[in-house]
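Below: a set of structures, written as structure tokens.
Next, two complexes with chain A in common: one pairs it with chain B, the other with chain C.
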Partner chain A sequence: MIGRIRKSIAAWLFSVPAFLFIGLFVAYPIVASLWMSLTDYHLLYSDDPAFGGLGNYRRVLNDRYFWIGLRNTLVYTAARVPVIIFLSMFLAALIQACKRFGRLCQTLLFVPVLVPEAMGAVVVVWMLSEKFGLVNHLLGMALGTTVTRNWLGEPRWAMAAIVLTSYWGIGTNIVLFSAGLAGIPKSLYEAAAVDGAGPWARFRAVTFPSLRHTPGVVSVLAIIGSLKVFALPYIMTQGGPGSSTMVLYYWVYKNAFEYYKLGYGCAMAYLLGLIVLVFAAGQLLLSRRESPS
Partner chain B sequence: MIRPLWQRIGGCILLSLFAALFLLPLCWVVLTSIKPTKEIYDAQNFRILPSQVTLDHYRHVVVKMSDFPRYCWNTARVTVVTIAVVLLGSSMCGYALARLRFFGGKSFLTFLLIIMAVPWVVMLIPIYRLEVAIGLLNSLPGLILPYAALFMPMAILIMRAAFLAVPSDLREAAMIDGASEWRVWFGVMLPLVRPSLTVVALMTFLSCWKEFTYAVTLNSLPSATTLAVGITYLQEEGQSWAYGTLCAAIVLSVLPLLIAFVAFQRQIVGGLTEGALKG
Partner chain C sequence: MTGRIQQAPAAQSDQQTAMSALSDDTTKSNRLWSSLYRLLIDCIGRLKACPTFLLLVLCCAGCGREEPAQSTTCLRFMAEAWMFGKYPVREAKERFEKRHKGVTVELIKAPAGWNNRLLVSMMSGRSHADAIFCPTEDTIAAWAARDLLEPWDDFIRDRLPDGRDTFLKVFLDGSNLGGVQYGLPISAEMIAISVNKRMAADAGLLDANGKIRFAKTWDEVFEYARRMTIDRDGDGKPEVIGMAINWSFGEGVLLSAIQAAEGQIADGNPMKLRLDSPVVRKLLTLTKAGADEGIVTLASMTDINQPRNDMKAGLVAMIVTVHSRYLESEQTLGKGNATLMPMPGPNLGGTISTTRSVVIPRNSRAIELAQQFMREELLAPYFSAYAMEKFGKLPCPRKVFDKLNVVEAQWLVEWAGKSSGPIMARDRIQMADAIRRNLQAYLSGSVDLDTMLNHLDDELSNIDMRDVREIFSKRKAK
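Here is the complex of A and B:
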């Protein structure tokens, strides 16, 4: 008994540093954020914020830019997720088919994952530069004219550029699919080949069903990642032109750190967090089924 | 299974095209960084390859720009201290969770899994307010403390799994020899989980180097910010956007990440993929 108590005390002592950090900078902020979202907290005006109940949340739902931000976030997600899934699945299949050369390519495709998103964004801004950018020049060479399109200055192209930039970090998804593909027994393919199945038939009848939950897991991860998009539009377009690339996260940032409406920002952050949590819960269920440990 | 040769060759060619496309932006950055300024801004005679290689931009970034070395120094300090704190906190707590069944341990584990699902945007505003209140805004500790806390849950899970894999007889044998709980942890267990400590250190290193949102919010002043944010400030320096120096700065700041990748490829790929699944 005494041994158990001593063990328990030792365990708590071992956990003290982690408890302190997580308590102060994760647990407390999660609770404080909920509390602040119920007040009219403003960094400059209110030392003594008044409790406003659900007022902030009601205001959020009447905020035109909240809906624009949500729509842009959803457009970004919808444009990004299917391509991420199919492209990474396709590339993983190619990598598997190419054996050792494929492994080299997988390494190369992984390199962009290491590059900070912010720097990737800056690089794309440079490549899309109106007069001196690589993209306009290559297009000009291909079309035989001079192209001086300001891609990031046009609403539709700006969003497209941001989505395209985000494909750069596809490497983790490729690795996930590669792991899934490696688990498929070769005998299944041999059986399919005996039946005379072509590449597409093999994919439909063998590969896709055998991947089981991998596509599901990857899509949930991609959805969660997409909903949290911030750095790319922040650096590439500052939400513009107009509000065409202003995503939800950006609107939270603006309200909290440019207008200093902290309470209002917290309410919106909580709504964004809830949307993400719904998908995270889905992911947890999926991965539970994947590994019943 | 044997596929027709043309199919296999075609597949490999397609794959290398994709790999080239993904590396194109990086190559373009390197090319821009060694190009003379007048060739960078010459739309009439657009050159993809520089006519002559120059290291002026690198010299400029390292010698003349006082901001860039400062961002590097800030990033290095934030990274090193955060890694130390995360390693210590996670290896201690992970050990307790794995080997010392204690009151509240199970619920703490569940709690960790729940908070890991909460997106960081939820915590950002209260942390900002807290740092305004205690004067930590735009200071390195102001970035290190939240980083250490945010990266810790994932690290604890990794370390817990590592300690679980160590046979428990070892601990008991050491205890019978009269070693204290601390000695067992430090002298017996820690050396055995070195591979996982490496993974945690690498993940924390990459996260510190890459993190943008917290850095731009909490440490927006050039004196206290990290490379990921600082790079975007270099963009607007001077009247025209100096892409030559900017590209040189990007090459220099991505270099440590690439070196780490070459040295620890297996751990990094494994760690990031695992991290994506759990986080």
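Here is the complex of A and C:
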């Protein structure tokens, strides 16, 4: 009995570092920021955080830029997620079908994942430069004229450029789909071929149904990643021109770390967290309902 | 078969040996764990009776505050990385060390995002530098609001023979909050128009002495841009565009235009900016029309460096941004091929300025040395004259101007006299962002001018525009 108690104590003791880590870096910030979101706290001009109830949340809901940020974030998500899913699934299937250079292609498509997104964004900004950019230069060569389009200076093109740059990290999703594809028994394809199914019919009847879980996982990850978008607009456009590429996290960042309104920033971050949670839960429920029991 | 039977005991024996070894290992392992466990329990038991140990751990972990014990031999001087190239910081260090035997000046490059990082760090009582040469008025206000800076008032009164007159007033006032001087300005930037002189000559814009004829109105400025725009092949896409205005710094440009036109940017407290004024409407309408016509580029809306880069590359003839870009452009355009023009208006040359100042943190370990370094090196004419002559950074100490040979420097001093410091509203950064966003929305065609001005007015009414200096005064009175 004493031995068992001792073992149990030992187990708890060995768990202490993990609990400490989680408590310090996860639980405490969550609780502290929740408390902060209920206070009126300006880092420079407030002596102490003063409890303000749900005042910050009410102010956030009346903030024009919160809604603009939410709209832009949803536009970005809607433009990114379906393409990420279908393009990565298509490329993974193509790689699997390609016997000779499949591995090489997979590696090449994965390489951009190793490069930081921020660095990719800087390169794209150069490429889209009005006067010196590669894109205008190539277009000029193709059209036989001087092209001086200010891609990032026009609202609709600026958002399009950010969405296109976000495809940079598609390699991770290709790997996930490749793993899913590798798990499909070959016998299914052989049976379909015997039945006279062509490549498209095989994809529709065998590959896609067998991959049911992978698109679910990829879409949840892509939705969460898209709703959290920050680095690309921050580096490429600083939310401009105007507020055309201002996304929610950028607005949270501005309020909390540039305007020093920590209480307000925390309230906005909580609302954004809630939105992410709702989307992720909805997507998970949907994929569970669709998946066979 | 026999072999197999004969082998069996051996195999069994091996197994037993292995089992025994395993059992020994397990026993050893159990013993080891058991003793470790006992040790742990023992330690915890002792710890209960030993709270000083906990205190020691906390201190080791850096939870204790650093005591700013004063040093008389080592000065830690921090500046932004680019400043090491544009100001003779290393020369200052060498001269100071030579003059004071046994004293060392440690030069530190400010980390990225230094203003917030140092704010948080200083708030938690840590000391990274004894003097910091980075901050603009915004940062000084932020740090001073948390009482993190040592005032310069005694130093100005006791150590500077000319007192406050050592500096140009407009530059010194920017870092004076509630009657306390928190920063000493070294150099200043003002919004002005930098012009490619060769292109201006080709367009017939220079006078008989080879100096640019100053445009008196914004209409004239845009006419200059039209005349300097070059479309060699006549395809409607000019190779050289007449003008680029820095709309990433829209607040600075717009407020400078108002200062040049009206001699005042804001009224009252909380401050009400004079944004719905004729000059603002004129400037924005002309810019939009100019962009449609192809004599103005708007690429600066998302690239703050576009005007200076294009000017240096000879792709833009004129840029409206901080004045020092004119001298920077000479690196590629050639010496004497760039000049300055004032912001047009009845108060010709009136503009807004921002300064780079030296501050001493409260928890500096060498306050005396920092003040001495300031007086002997940073305020010496050689220091800011170098930055002006090489990089166009306008010196703030008055006596430096007598030694300058650059004609533009004299113009800048004259314009500085008609200028205003930055708007020191409590939420100035938020205000600047609101102006920039709304301007860009109009210039990119998302809204018309009246809607934009209404939106901007709405937004500014929700921003705390109280004069930060008054807030400091009230605090001091408390």
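Please note the rule applied: the second predicted complex is superposed on the first by the 277 of 293 C-alpha atoms of A that agree within 3 Å, B and C clash if a C-alpha of one lies under 4 Å from a C-alpha of the other, contacts with A are read in each partner's own complex, and residues count from 1 in each chain.
Following the convention adopted for this analysis, a residue touches a chain if its C-beta (ideal position, glycine included) is under 8 Å from a C-beta of that chain, and two chains touch if they have at least 3 such contacts.
Bear in mind that the values here come from a model prediction, so they are computed numbers and not experimental data.
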{"item": "Touched partner set for A:Ala50, first chain B, second chain C, both or neither", "value": "neither"}
{"item": "Chain B versus chain C as contact partner of A:Gly240, first or second or both or neither", "value": "second"}
{"item": "Which of chain B and chain C A:Val278 touches, first, second, both or neither", "value": "neither"}
{"item": "First (chain B), second (chain C), both or neither touched by A:Lys131", "value": "both"}
{"item": "First, second, both or neither for A:Leu152, with chain B first and chain C second", "value": "second"}
{"item": "Chain B versus chain C as contact partner of A:Ala10, first or second or both or neither", "value": "both"}
{"item": "Chain B or chain C, by number of chain A residues touched", "value": "B"}
{"item": "Contacts of A:Phe257 with chain B and chain C, given as first, second, both or neither", "value": "both"}
{"item": "Interface residues of chain A shared between complexes with chain B and chain C", "value": "10, 43, 125, 129, 131-132, 257"}
{"item": "Chain B to chain A touching residues, read off their complex", "value": "1, 3, 7-8, 11-12, 14-16, 18-19, 22-23, 25-26, 28-29, 32, 40-43, 46, 48, 85, 88-90, 92-93, 95-97, 100-105, 108, 111-113, 115, 117-119, 121-130, 132, 145-146, 148-150, 152-153, 156, 181, 185, 206, 209-210, 212-213, 216-217, 227-229, 231-232, 235, 243, 246-247, 250, 253-254, 257-258, 261, 265, 268-269, 272-273, 276-277"}
{"item": "Touch list for chain C against partner chain A, complex", "value": "33, 37, 40-41, 116, 119, 142, 145-146, 233, 235, 237, 239, 248, 297-299, 301-303, 306, 310, 313, 315, 426-427, 429-430, 433, 436-438, 440-441, 443-444, 446, 459, 471"}
{"item": "Of chain A, residues touching chain C in the complex", "value": "6, 9-10, 13, 43-45, 64, 125, 129-132, 145-148, 150, 152-155, 158, 236-244, 246, 254, 257-260"}
{"item": "Residues on chain A engaged by chain B in the complex (per definition of touch)", "value": "7-8, 10-12, 14-15, 17-19, 21-22, 24-30, 32-33, 36, 41, 43, 91, 94-95, 97-98, 101-102, 105, 107-127, 129, 131-132, 134, 137, 168, 172, 175-176, 179, 186, 189-190, 193, 199, 217, 221, 224, 227-228, 230-231, 234-235, 249, 252-253, 256-257, 262, 265-266, 269-270, 272-273, 276-277, 280-281, 284, 287"}
